[in-house]
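Order of writing sets the chain letters: A, B, C and D. Residues in each chain are counted from 1.
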Amino acid sequence: MIQICLNCLLLSALLLLISIGLNIIYGISRVVNLAHGSLYALGAYFGYSMVSYGVNFYAALLLAPLLAGLCGVVLERLIIEPIRHRDMTYTLILTYGLSVFIDGMFKFIWSDKVQFIQMPSSLRGTLNLFGVHYPNYRLFVLAATVCVILGLLALLEKTKLGMIMRAASTIPEMVSALGVNMKLVHMGVFGLGCVLAGIGGVIAGPLLSVYPMMGSEMLLSCFVVLVIGGLGSLRGAILASLLVGTAQTLGFVFLTDFAMVIVYLMMAVILLFMPKGLLAEGKFD
Amino acid sequence: MEKAIGNKKDRKGLVIQALVLLALVLLPFVLGNKFYLRLVTEIIIYGLLAMSLDVLLGFTGLLSFMHAAYMGIGAYTVAVFLSYVDPGASIWVTFPLGIAVTVVLAFAAGWLQVRTGGFAFALLTVAFGMMYYTLVWKARSITCGDDGLCGLPKPDISLGPIVLGNMNDSLTAYFFTLAVVAVCFFVTRRIMHSPFGAVLESIRENTERASFIGINVRNYKLMGWMLACTLAGISGVLFTYMKGSVSPTLMDARAGGIVLMMTLLGGMGTLWGAFIGAAAYIFLQDFISAMTENWMVFLGLAVILLTLFMPKGLADLPIRLGQRLTRQRSNL
Amino acid sequence: MSTILSTNSLCRHFGGVRAVNDVTIAIRDKSVKAVIGPNGAGKTTLFNTITGRLPATAGTVVFDGRDITNSPVHERVKLGICRTFQINSLFLGATVFENVRIAKQTRMGKSLKIFSKRDSLADVNEATFEILEKVGLGGKASELANTLSYGDQRSLEVAIALAGDPKILLLDEPTAGMSQLETNNIIRLIQKLVKEIAVVLVEHDVDMVLSISDSISVMHQGSIIGEGTPDEICKNQRVREAYLGDENGH
Amino acid sequence: MRKGLAVCISVLLVLTMMPLRPAVAADPIKIGVVVTLTGMAAQLGIDNRNGILLAAKHKGTILGRPIQIITEDDEGQSETGIRKAEKLVFKDKVVALSGVTVANVGQAIAGEADRLNVPFLTTNVMTPKFYGLHPLVFRCGQVADDQMTVAQVMGILKDPDLMKRSWYVLADDYAWGHSCAEEFIKLATEKGIKIKNPTYDNAALNLVDWSPFVSKIISAEVGGVYACLRSPVAPRFVQQAADFGLMEKVKIIGGTPSEAALEAAGESVVGLIGTCCWTWDIDTPKSKAFAEAYWKEFKEVPPSQGAQAYTGAFVLFNAIEKAGGTDPKKIAEALKGATFEGPYGEVRISPKDNCMRTPVKVVVAERAPKNPFGAKIIKKVVASLTPEEVGPAE
């Protein structure tokens, strides 16, 4: 029984870690980034290259996301900024093209082989939790996710930068009127979103393997979590990822055929009757 | 005065499109070999699908991520009927059946979806589209799951007793597809220029103001959705006739993204722009993937550049060229 | 002259904020009713609740004897409740002619025609030209709505409302941002209209309100604090306090 | 403003941009290869293509004419596969089609065999639906699902340690997975092998976390796991199973994971049992020659998929040579009953059902000895089965 709970927790943690960046980017600068999956994969690939060249796993866990965040900021300046004022459809199609481009680059640079980020020796082996052997690495993933989320909540709630971000998510015009350089805020938020995606990538690397299509496969689950939790609300995302993680874990095992249909049904119900998400904190335009 | 200008421009547009249709009719005799003929047939089918999404996106202002799902439903209905019920069924049976099933399933999804708008509507189309995709994928006993239904019998094209030809022959397939798509195009064009079309455009332009002039926005959105899905169903039926095999990848999330790309590359709100978008996408993909296995890099780059520098899509090129011609002619 | 539209103990709350608080007013047919009050008094929220843009939290709205509290916007418009918006809400991509034509076409129930050309509805076109002349936009028919001056856009708002053959016309600050000439046009138009239909005004221009209104209601912090003819309102002590702020300045 | 005269100019411009028929220098024999180069099965597709390219290099010429291999990417989608096959046949005028990595594309192209009217020899499609499918459609290179299952069951029968274990069956939730699982359970119960869950579990395709199944296996206290998972997914399952320390307690039989997948998974994959036609562990002269040639050409660990495609291509080339021309009927005749002494012994195309009979090896993943390819993992041969043992009977 403990094993099943831990399994559900782990999938929820992964979903949360990967979708949180997308949530922030939409919540604060109203950009729907279909290339978010590819940035998650970019983080994983950077992590893989570093670890295979002998960089220590933990160092890679810090460096790779920063590199992914840097790429994110450059992309935001080059591509997202010029069309920010345009209708949402254009950002969707542009980021879709971007995801096709990045997935193509993975194939071009790293080839199609399925790779694994080598797990650090300290995290190998299992831990005996009340008679159940649970891999150390998975416990590390749970712990890492909790730290990242707490850090993020602290950043948003406690710091001045966080206050600006939260204000920008409600009334952007007012914030720029108060002399805040919105360009920097959008750039910072997009960068932060990509760093979070990168962290998700490096942590998922040893577990889920690294291959060109990993990003686009996770994108759909990210959107499901986003919608159920309420677009742009962090607490909602935490609750939603728990719900979706449990539904998928139990669903895949017991009624494999229609597990995903239930998840999409949940998404449809939320969209129809609670557009602002479970905790009604979502920011729908 | 206002009426006169509108009609003159409208008639000139119709003449141009008739000329293009004439060119397409003569095309098979110009083309070197069968492959390009079948490629153009496929472009016309995907053009119809992209046009149906343009009716939704360019005219009613509703974004659907998974529009390919309804093409898939139309295609699968015909494929399942031909495989299990009656392989020799004539097109006068399978065509309406394909459309009927698409309309029913589209209504089921649309009736709920039109309660919302904007991004919520788009996400709902994902939810329902993926549900239909999963059903097709999972109903293994009927649809053979991911193997799809292959080697389907190609129906005869017959008007009553006279058999004009079989879909297996590329020329018949081309002309039948061109005829059906041309009819769909001109009928949709007429509908979009009608008072009903004006209502759809007003909903796109300003949904709240539309309800404040007495339009039942929800009903008209549903009608726009049903028109778009019916056209998508027709393109699905034509696809099965021509290809003779269907598979779930026809209606998955990636296919939905591709149709969206075609419509936007072509240019929204112009109906015929979607055909140019479909032609551009299929050529780009087919041409580049023959040269290098890393075609995704170039395709992604092309989409990014086109979205950034040509927001009105490829259809904008002929329009601008046309304006410059008329301007030169006027000040000569 | 019977009451055409009435609200009894109508409320609209946003969480704790009671924007419209227990408002009961009656609007008589063929008369000009003005609703005035300082900023944030709840005038526009009252408008939005009557016209269905916002659902009412409590109370009812009755029009011509029918309870329309929960009926959707388009049904209220079909009944004849037409309004303009404080912030212009037009079909900016379409021409001035098309803006009014689509409203007229919907009013005349011709929207389901899917095969005739949209410009071929002769009766709709005539009625549209007529309304444009009435509002003084006859000359600008083929211009795009987003190229119009602010004043012209306000007139276009009125034209679109008129295209709905209103029984009651609700104007949300029609003269805001208008030149004196344009304001006079609007006043002359209202005086002509009020011969057949009821007109409800939300306005800041007090002189204009006093000159043309038959009855005035004054709102303050969500509720009605004074009602009556323009002269009664001038003498009303509570109204003066609300506007000038009384001694203890709460 | 709406539409200038230029509309039809632009449409015609787009259409005439199509390249005209390329000028033909020497008159090469063109062979079309349709493989999956993007998507999940991309690595397998690349191994297929490389095998066929190497075969063309080694064959050199057919009937004195150079061989030209034209490759197309089907992205693993049936409709794209058909379009690319049409391009190869109608535009490039290829003499025969080969390759094809995934079953749905293979069946889609086979469905169009009459219209394409060229011999289609698939080197890597495993679905049993190809037996006697069409006079122009052949399979040579990769074993079919049923042959693989027979080999796996024989592998268990020959090893008493495996025989006494009870087996838990897990399959990828798609056509190939289901047919493998069903056939394994049917054959295993016939041969008296204990199956823990006759109604096998299937795992959704976009499943990322395998822990639910691993915990199910642990609680089922089984001795062995039969997992028919796609090649790119198998290592992830094995890696996650190893995390739970499952590899010590349980023997896993996992479909036919490719060398690249095994290299990626590294240490945790040791002990995984599988079946394939070829592995560089076979030390016959022909096998050694192939391994060195592949390493020299592509600088990658020689994959079994590559050897299978290499063999299939050679059978096709020899058949065209024997047919003495490019007439589809003649080539088809020549292919019936064709034999070829390849890297993994003699293969033969049975005239009864146009599909290959081949020796099959049962292999176990182990740490590789010193080898020129820098490989960490080797597929050690533990049992070899003759074509007659593997069947199907003719």
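Observations
We adopt the following convention: a residue touches a chain if its C-beta (ideal position, glycine included) is under 8 Å from a C-beta of that chain, and two chains touch if they have at least 3 such contacts.
Values in this document were obtained by computation on a predicted structure and should not be read as measured data.
With centres taken as mean CA coordinates, the chain nearest to the overall protein centre is B. Set against the Cα centre of subunit A, the chain with the most distant centre is C. For the pairs B-D and A-B, the larger set of C-beta contacts lies at B-D. We define each chain's centre as the mean of its Cα atoms; on that basis subunit C and subunit D are separated by 73 Å.
Centre-to-centre spacing of subunit B and subunit D amounts to 36 Å, using the average Cα coordinate of each chain.
Taking each chain's centre as the mean of its C-alpha atoms, subunit A lies 34 Å from subunit B. Chain centres here are Cα means. That of subunit B falls 43 Å from that of subunit C.
For subunit B, residues touching at least two other chains, in rising order: 10, 293, 295-296. The residues of subunit C never reach two or more other chains; the list is empty.
Residue positions 37-38, 46 of subunit D are each in touch with at least two other chains. Chain pairs that touch, as defined above: A-B, A-D, B-C, B-D. Looking at the complex, you find that subunit D touches subunit A at residues 37-40, 42-43, 46, 173, 201-204, 206-209, 211-213, 215-216, 218-219, 232, 235-236, 239-240, 243-245, 260-261, 263-266. For subunit A in complex with subunit D, the residues that touch the partner chain are 3-4, 6-7, 10-11, 14, 107, 111-116, 118, 125-126, 133-135, 137-138, 204, 206-209, 211-213, 217-218, 220-221, 249-250, 252-253, 256-257, 259-260.
Considering their complex, residues 32, 79, 82-83, 86, 88-90, 92-94, 96-105, 107-108, 216, 220, 223, 227, 231, 257-258, 260-261, 264-265, 267-268, 271-272, 275, 284-285 of subunit A touch subunit B. Every residue of subunit B that touches subunit D in the complex is listed here, in rising order: 9-10, 12-13, 16-17, 19-20, 23-24, 27, 32-36, 38-40, 42, 140, 144-148, 150-152, 168, 239, 243-247, 249-250, 272, 276, 279-280, 283, 286, 289-290, 293, 295-296, 317-319, 321-326.
Those residues of subunit D that touch subunit B in the shared complex are 1-12, 14-15, 17-18, 20-21, 37-38, 46, 72-73, 76-79, 82-83, 86-87, 89-91, 103-104, 107-108, 110-112, 114-115, 127, 129, 174-175, 178.
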